[in-house]
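Following are the structures in question.
Across the two complexes that follow, subunit A remains constant while its partner is subunit B and subsequently subunit C.
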Partner chain A sequence: MGKLWVIFVALISILLPFLCNSFSPETPTDRRVLVLLDDFAIKSSHSLYFNSLKSRGFELDFKLADDPNIALQRYGQYLYDALILFCPSVERFGGSVDLAGILSFVDSGHDLIIAADANASDLIREVATECGVDFDEDPSAMVIDHTSYAVSETEGDHTLIAGDGFIKSDVILGSKKINAPVLFKGIGHSLNPANNLVLKVLSASPAAYSANPKSKLSTPPSLTGSAISLVSVVQARNNARILITGSISMFSNRFFRSGVQKAGSPTKHEKSGNEQFSTEISKWVFHERGHLKAVNVKHHKVGETEEPALYRINDDLEYSVEIYEWSGTSWEPYVADDVQVQFYMMSPYVLKTLSNNKKGLYSTSFKVPDVYGVFQFKVEYQKLGYTSLSLSKQIPVRPYRHNEYERFIPAAYPYYGAAFSMMAGFFIFSFVHLYSK
Partner chain B sequence: MAAPETSTAAVPTLMTNNSLRNAFGGVLSFFILLLIGVLAFSIRLFSVIKYESVIHEFDPYFNYRVTQFLTKKGIYDFWNWFDDRTWYPLGRVIGGTVYPGLTLTAGTIWWFLNSLNIPLSVETVCVFTAPIFSAFASWATYLLTKEVKGAGAGLTAAALLAMVPSYISRSVAGSYDNEAVAIFALIFTFYLYIKTLNTGSLFYATLNSIAYFYMVCSWGGYTFIINLIPMHVLLCIVTGRYSSRLYIAYAPLVVLGTLLAALVPVVGFNAVMTSEHFASFLVFIVIHVVAFVYYIKGILSPKMFKVAVTLVVSVGLCKLICGPLYSDISACITSGIALSQAFDVFTRSIKYQLPGVSSTNELDAGETSSATAEAQNDAVKTEKTEETSKDRPSRKSKKKEKEQVEKPSTKAKAEKKRLLALPLEASVIALLLLIMLGAFYVVHCVWAAAEAYSAPSIVLTSHSHDGLHVFDDFREAYGWLRHNTDVDDKVASWWDYGYQTTAMANRTVIVDNNTWNNTHIATVGTAMSSPEKAAWEIFHSLDVKYVLVVFGGLVGYPSDDINKFLWMVRIGGGVFPHIKEPDYLRDGQYRIDSQATSTMLNCLMYKLSYYRFVETDGKGFDRVRRTEIGKKYFKLTHFEEVFTTHHWMVRIYKLKLPKNRIRGKTKKSKSKTSSKRSGITKKNPWH
Partner chain C sequence: MARSLAGFLVFSLFVSICGAASLFQPISESHRSAALELFTPDHGSFKSLEETYEALRTFEVLGIEKKPDLTASACRSISETLGSPSSTPKDLFYALKANSIAKCRINEKTSEGIITKLNAAVSGASSLLDFYYSVGGLVLIKDQTSKADVHLADAEGVFRSVKAFSQSDGRWRYSSNNPESSAFAAGIALETLAGIVSLASSEIDQSLINTLKNDISKLFDSIEKYDDGALYFDDKLVDGREYQGPLSTTSSVVRGLTAFAAVTAGSLNLPGDKILGLAKFFLGIEAPGDAKDFFNQIDSLACLENNRQEFLLVRVNTVLGSSAPPLTVKLVGAYSSGSKDKSLVESQELKFEAGTGVHILNNLPKTIDVGSYTFVFEIVLHESEHEKIYVTGSQTKVPIFVTGLIKIENAEIVLDNDLGNVEAQKKLDLAGQNAVSLSAKHLQKLRLSFQLTTPRGRAFKPHQALLKLRHESKIEHIFVVGNPGKQFEIVLVKYLLFHRLSTFLDFLQLVDKFFYLSGRYDIELTVGDAVMENSLLQAIGHVELDLPEPPEKAPRPPAQPVDPYSRYGPKAEIEHIFRAPDKRPPKELSLAFLGLTILPLLGFLVGEKSGT
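Showing the complex of A and B:
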């Protein structure tokens, strides 16, 4: 799979400028964000969230989802780097935006945040499905949890959930632990386990289920337990990132400010984890974290610096690559001890872990196997939360030239002796035989 | 080159007392030879005139590419050439697996012309190498036949060889294959062998080894030589015609020839390790034993010799038969005597039965009469005649007769006695018949050269009621690949088109006509026989970006991939047993119509060949299979059509990239969006 991915994945920095005029390879963070709302009230009811984005330097462009003038691109150029869909009930987008438009927006490397809600429209569900997330098909269903609901003044129907089943990834959720549970009220969704692009960031507790809270449960709910995902992220193969949640209110000022106490837990948190969670995950979605780039792939024979056009079998070579991570403002050296390089021809002949110098330079040296053919240096680095690196560089390996073999083999000296003594003997014999008369 | 030899050689054979006549004959044969050369060259130019100066078929494209490499990079890089653009990702060591004679010859011609400031392209030189060497081959035939029979026979044989259709078929202009130079090398080697045999000159024996070396360089067919000459030598020995000249003709050839052959990388140690060379070594031993026996025979008196033979044979038998038993020694001696007597009688009887030998059968070792030599030559000549005209020996022998009859008739006065054996009328009629036969032969050869063997097979033509149609689809497709794909892209196709793709499109191929790795071919065969997704995975694992299929259904081009498809299935199934031939056959019949099996209708080859085919005529009528295709409307999910040539003969598909996103489960159809989405849902392969 990997080779074709070079263009899209590893060197995303090369592809993107052609699709987007402000998304430069050197600064992969999104800048211009289009926010589509059902109602401008959301702008104020979720202002904390929007302000945190603005304070990080994003230009938010608020539009109504059915505004007839909205457009994602003009003259083939995308006008935005990211899209936030806070419009769970929209049946039809205005302007030139439609399902296919949003999908091709994502497929050209742009990011997307989708917040659905109970009674989310088919259109929003459709977008989510295309991204690999299946919302509960029952339009009136909500996630109900009778064990880990958030304690509130009224008993309620236990649809306000205090979720703390976070994904264990510092890259996605930041290195600071989220102590308080996240308040969630909305619909759940499920993921296809075979889909390796989508990750469950906040999963429901094992006791949760998805059903209509207002009606009596007659049939077993289709979605139950921790199979329910409350918040999921998708990293597409081109490293476009998508956040999908079934609750728009988890971004609201009310939930941000609200205190939370999980049922059955003695601790009451002054402030819910929503703000930290939302901020951290938006950093990930907008490429402020976990975005890697690999540059300066170099290889050469030991003791040389020039990159050869091809190697000979049994050559000793050195391979190096520099890997950096985008910190939101600058490229920092990426430090890890699990980056591996393969010397690959239909199967890896050499698999070496690269050692790094803490400054982003990863290098190793190895001997070319005693097999000739067209090899590839392959780095397939797919780590949870990070953009996938997939480098491959084709390099032929030739056999020995005719004059690169040993000229004289020590073990063969008896045979050389035999041959030459035979020749000399024959010469003497012929001489004697011819002239001895 | 031929001139001096002709004039000097003509002297002893013809009339002895008329030097003017000889000189005239020499000049005449020189010009006849020149004309034969022109004939041999020009009869092969039909392909250039009717089509264009272009390399033909498949293997010549490889040779052409190798020659280009040689002229660009020089001989050492050629010798050590590891080609990374074929057999991806295995590569191919070309320097060590190719017979370099043809390439080096054309490369030398090109280099020579360029150093004379004649800037011919490599392609032009390659195209015309075969016709040039056909002229050389006719001249070599002249020399060979002259050595055997005389100048007149030589000229006739040369003229015949110049236009024998089977040779034309391998050597028309553009047919740049090993045989182009190898036939010349073959004939010339035989000529030098005969020459050595006739003269006993070590000089010619050395030349013979060098000619043999050139033959080894040029073609795997050198094993003809290294087996036929030992057979001839053995025959000579068995029939008692051993002579020192035979020894000189044979022993240096084996020693020097084998050493030289081992220098060719593709032969190497095969020259002493494979069975096709063993006959020559066996005969080499035999000829030494025989030489020794003749030597002993020469220094002993006949009686002593018999005693010696008896002794040796009986001791040998004793060792062989009785072995460790050491049984009755006297019985051994008796049987030894009997055996040696029997052998003696046997050889004598053979000698008596051969014409021309009976008078000289008493001669001893090392002394053979001219009659023996002549008889030898006769034997050699018939052998050679058959060799050089493998296809039509009968016609050729008739020619020989004609020539034999013709020649005396022109010199009727001198040899009346012999001629008068036939009545005048009968000989006139016979002559006329022979001339007619010869004329028809010429007409036939020219027709064959013009019509049958001149098609380059990369450009096709057809005549129909509305005129001539030219199908140049192959070059169109290769040109498209060359101009529209990345230089390192890999193109998969059935192996037939590998050489052409690398040479004309300059793109890396997975398999080519040098079918050295069956597993690799089977992998491609399996991919072609698999359903789309499995095929995509196979091709993707080989980094393939484009798939090329040849499809003749629209214009009725019969040698397309659908007709070759069963071989892909068989070869693929030979290595990967999940491909089973019966799955592709309906009741043992290979068909692509509505009766075809679903495996057949869903395999990649069917889909790539017939994708959108129904759009051409609305019915999907395949003109090669003469039937409507079974599955007309289908979509490709993992491949996309990127190019189809004018007559649909070559279709190029690109592998789609894996989907950027993986969809969730397909939901229950929703009235609002189902119609809009159904296409996407079905097409999506990544679900």
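Showing the complex of A and C:
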């Protein structure tokens, strides 16, 4: 009974982060998204994007960014699971929403999409900075690229960029390759090198730079080359996901429908990659992909099935865990060959890659080290684009008891022999000495 | 565009411009890459000299840098053909044509031999093609050698004998015994005649030229027309062998016309819309998939372009795209984006072409060079009652970018020592590959300079001219190329970049900026502008910098972002190393010693026994 209780507590402690998460596995389609807009024209000019979200089951709540009635939480409960900020020029949010409110919204595991443009306000820039990316500080700067711009009849200043520097990650951008370049027109940002949670999803070409296209360049631009990120994502430690882009128009119907031809390339794509890109990345941001869960963490001695309360040094043990990935509708077995378990006390004593049976069950076996103390089974799984798994389970390891060593050692036979022959000799000598006349 | 217009029915202007540059704007990057795909030599050379010429000419027109091995292999086959005694005038003609671009050296003797050979061919020629090749060859060799005595002895006689092939409808026959005439042959004949005129030692009779001009206008009567206003020449399919297809036929006529127009003094009276229609035809084809067609298209466009026909097409329609009522479009002014006050053109009306519904402005003023401009148009409705129905913007401003190929010349990288003497000087080919390797100390100066000129010969300052130095540790330093005060040298801009590593102050600043990091720096140059068609990003090479040791309080280089791909991934496995078991003697040894320990007891027992 006690053991069951321990298992229950352990399972709860493992599952608790998931239960508290914004992600609700039971009803993933029932997600409420707050969309803050500069004006309602964006609702119609970006309707293809919003419709694709709606068709996937999201409830979109459109509000003006300066609407005095907007609120993210009421009575300590969040009203929404995700927030879309399509309001680049807002100086102050209405209602109770402010910078701190948005940050605590993210800190509690909710998702965020930020789209800025050339006249992004300080508020939007601050939100982005808090998320680990810095938009170009020059308010008139735009990303310009004279070598990989999109050929266009109406625009000649090369600020309409055909971006194809995608991150190599199937989980973020979907397994289907995005063939057509993505149209981008807006401001660039750079990643904070100290922040290792933020990833460049779409980076600019090496010849790009961020400057004001209308004025002469006298000082070196602050952002140049592939260091410019056009679209970035953040996956926080609590698995909240953030998408940041400097171009709100990349989600617009115009860019979704427009054809694209990259300068210098003979192929003219009928349709730009924007729709595929935005849809796929929104699937990732809203946890329809790349979300892992681990269940049934088990360990026991080889040949047994019961989980012991403690191990003795040099025991052989087996460890297993089941990992599943959310596919948008159901939990599918997760297959990878880089899940590792650590047997850990202050530092890992054993680090072993788990083998899987392609049905989500990962297992391995190893010998308990000959060091005693309080160990942990630790799975710290981090993979590009996936939520991180962090499991740990404490287990004490004891040394041999005194009766668990071997009883007679051959090397000690001469000593045994010497002692006993001495005793026998003394006994015989005494006997002979006493009774011989 | 046309954002300033308001009202319930608004006109919008669609403007396309045939560039004032060496190219039409519609010929763009896609053409360049298509050209590179189509003209790929087999094992370094083309099958024939004709193909070589077509490839070289296309590359030249499109501003694609020739690969040096291509030119070298072309030169080899050119000199073979020119030197061989068995080459026909046709071979010589194409060899010389290829040479006009490849610019290989022909020795004096060979050229003399060719001249006599071609002169003999001219006098012995009986068909149009014979004349074409031999006369064409003579014209080409005249341009390529220093000898000025290349001329036709009886130019007028030859002219007349070529003229004899012409037909009354403006088409030409290939030979006197072949009754079929074609427009393709007309183009060839015109080119030949132009060659004869240029080779003539005395003036050709003006009446001959005038009849020829009449022939040309007759030829234009047979021009065919597409619905969209594109004009082309085509021959009726009479003989499969000689039928060339509309593209080559039109191309041949255009070549002939431009050659002829170049040598005759009086202008050809060709209406501008005809030329425009031809240009439209070539542009309408986009990029052909066949090398020959591609060449024909590009060459003809280049010919038309040399004729300095530049157009501004304005289409006026309602917001829903239906065609507009009769109206006049006026160009009120054109302003360069920099200066708003002075108009570059005087106000003029655009010609309306009824067939296509396009308003045309011929001959953009020479003041319009590459750059971005704002053109201001005014729309005047012809009938006053229409003014109640339509609303026009009083003045419509249309931003226009005139793009062109910018010539990059005199690129060099110079390393000065601390006394200002040149230590190393390397020429750079900014359109090709560079691999400069330099090594410098902190007391030296590095100077990179190059000149940019627009197709109209003016100095050009690009928006983006950045030099990037990247240290091994991925730390980048960016410099804007172009030093005010030093950059204007009479006409051309010279961009200078000084790494002032010489003066004490600058040395400290720059060394500080470089974080005292010695080692290899890769040099990368980016030159680009919205109106520059050949924007480039070039790795120039690298420089080994030897900088002094950092002082104690030197700034640390900033942290560089970690590559996301390397951050994740499995870690190396850790196996626990178990304590090795104690070393023990073999069991036999223990048993032997056990025996030894028992031995004294046995000895005692034996002694005891024997004692009693």
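Just so it is clear, the second predicted complex is superposed on the first by the 394 of 437 C-alpha atoms of A that agree within 3 Å, B and C clash if a C-alpha of one lies under 4 Å from a C-alpha of the other, contacts with A are read in each partner's own complex, and residues count from 1 in each chain.
Quick note on the criterion: a residue touches a chain if its C-beta (ideal position, glycine included) is under 8 Å from a C-beta of that chain, and two chains touch if they have at least 3 such contacts.
Every value quoted in this text rests on a predicted model; they were computed, and no experiment measured them.
Asker: With everything superposed onto subunit A, say whether subunit B and subunit C fit together or clash.
Answerer: Overlaying the two structures gives subunit B and subunit C room side by side.
Asker: Counting only touches as set out at the top, which of subunit B and subunit C does A:231 meet: first, second, both, neither?
Answerer: In the superposition, A:231 touches no partner, neither subunit B nor subunit C.
Asker: Is A:116 contacted by the first partner subunit B, the second partner subunit C, both or neither?
Answerer: neither
Asker: After superposition on the shared chain, which partner residues are touched by A:173: those of subunit B (first), subunit C (second), both, or neither?
Answerer: Touch partners of A:173: none, neither subunit B nor subunit C.
Asker: If we overlay the two complexes on their shared chain A, which of subunit B and subunit C does A:432 touch? Say first, second, both or neither.
Answerer: A:432 contacts subunit C only, not subunit B.
Asker: Report, please, how wide the angle is at the C-alpha centre of subunit A between subunit B and subunit C, in steps of 10 degrees.
Answerer: Roughly 140 degrees separate the directions to subunit B and subunit C.
Asker: Looking at A:398 after the superposition, I want to know if it touches subunit B, subunit C, both of them or none. Which is it: first, second, both, neither?
Answerer: first
Asker: According to the stated criteria, A:370 is in contact with first (subunit B), second (subunit C), both, or neither; which is it?
Answerer: Second partner only, subunit C.
Asker: Just subunit B (first), just subunit C (second), both, or neither: which does A:411 touch?
Answerer: In the superposition, A:411 contacts subunit C only.
Asker: Looking at subunit A, which partner touches more of its residues: subunit C or subunit B?
Answerer: It is C that touches the greater number of subunit A residues.
Asker: Could you tell me how near the closest CA atoms of subunit B and subunit C get once both structures are overlaid on the shared chain, in Å?
Answerer: 12
Asker: If I apply the document's touch criterion, which positions on subunit A are contacted by subunit B in one structure and by subunit C in the other?
Answerer: In the superposed arrangement, which is not itself an observed complex, subunit A uses residues 191, 194, 196 for both subunit B and subunit C.
Asker: Would you tell me which residues of subunit B are touching subunit A in their complex?
Answerer: 76, 79-80, 82, 84, 88-91, 93, 95, 265, 488, 540-543, 545, 657-668, 670, 672-673, 677
Asker: For a test of understanding, state which residues of subunit A touch subunit B in their complex under the given definition.
Answerer: These residues of subunit A touch subunit B: 1, 3-4, 8, 103, 106-107, 122, 125-126, 128-134, 137, 191-192, 194-198, 234, 236-238, 240, 310, 345-346, 372-376, 394, 396, 398-399, 401-402.
Asker: Can you name the residues of subunit A that touch subunit C in the complex?
Answerer: Interface residues on the subunit A side: 144-147, 151, 153-154, 156-158, 167-168, 191, 193-194, 196, 199-200, 206-207, 209, 211, 213-214, 216-221, 224-225, 227, 261, 263-266, 268, 314, 338, 340, 342-343, 348-353, 366-367, 369-371, 382-384, 409-418, 421-422, 424-425, 428-429, 432, 436.
Asker: Where on subunit C is subunit A touching in the complex?
Answerer: Listed in rising order, the residues are 1, 14, 16, 28-30, 32-34, 37, 287, 337, 372, 399-401, 403, 461, 463-466, 468, 476, 478-480, 524, 526, 528-532, 535-537, 558-562, 564-565, 567-576, 578-579, 584-585, 587, 590-591, 593-598, 600-601, 604-605, 608, 612.
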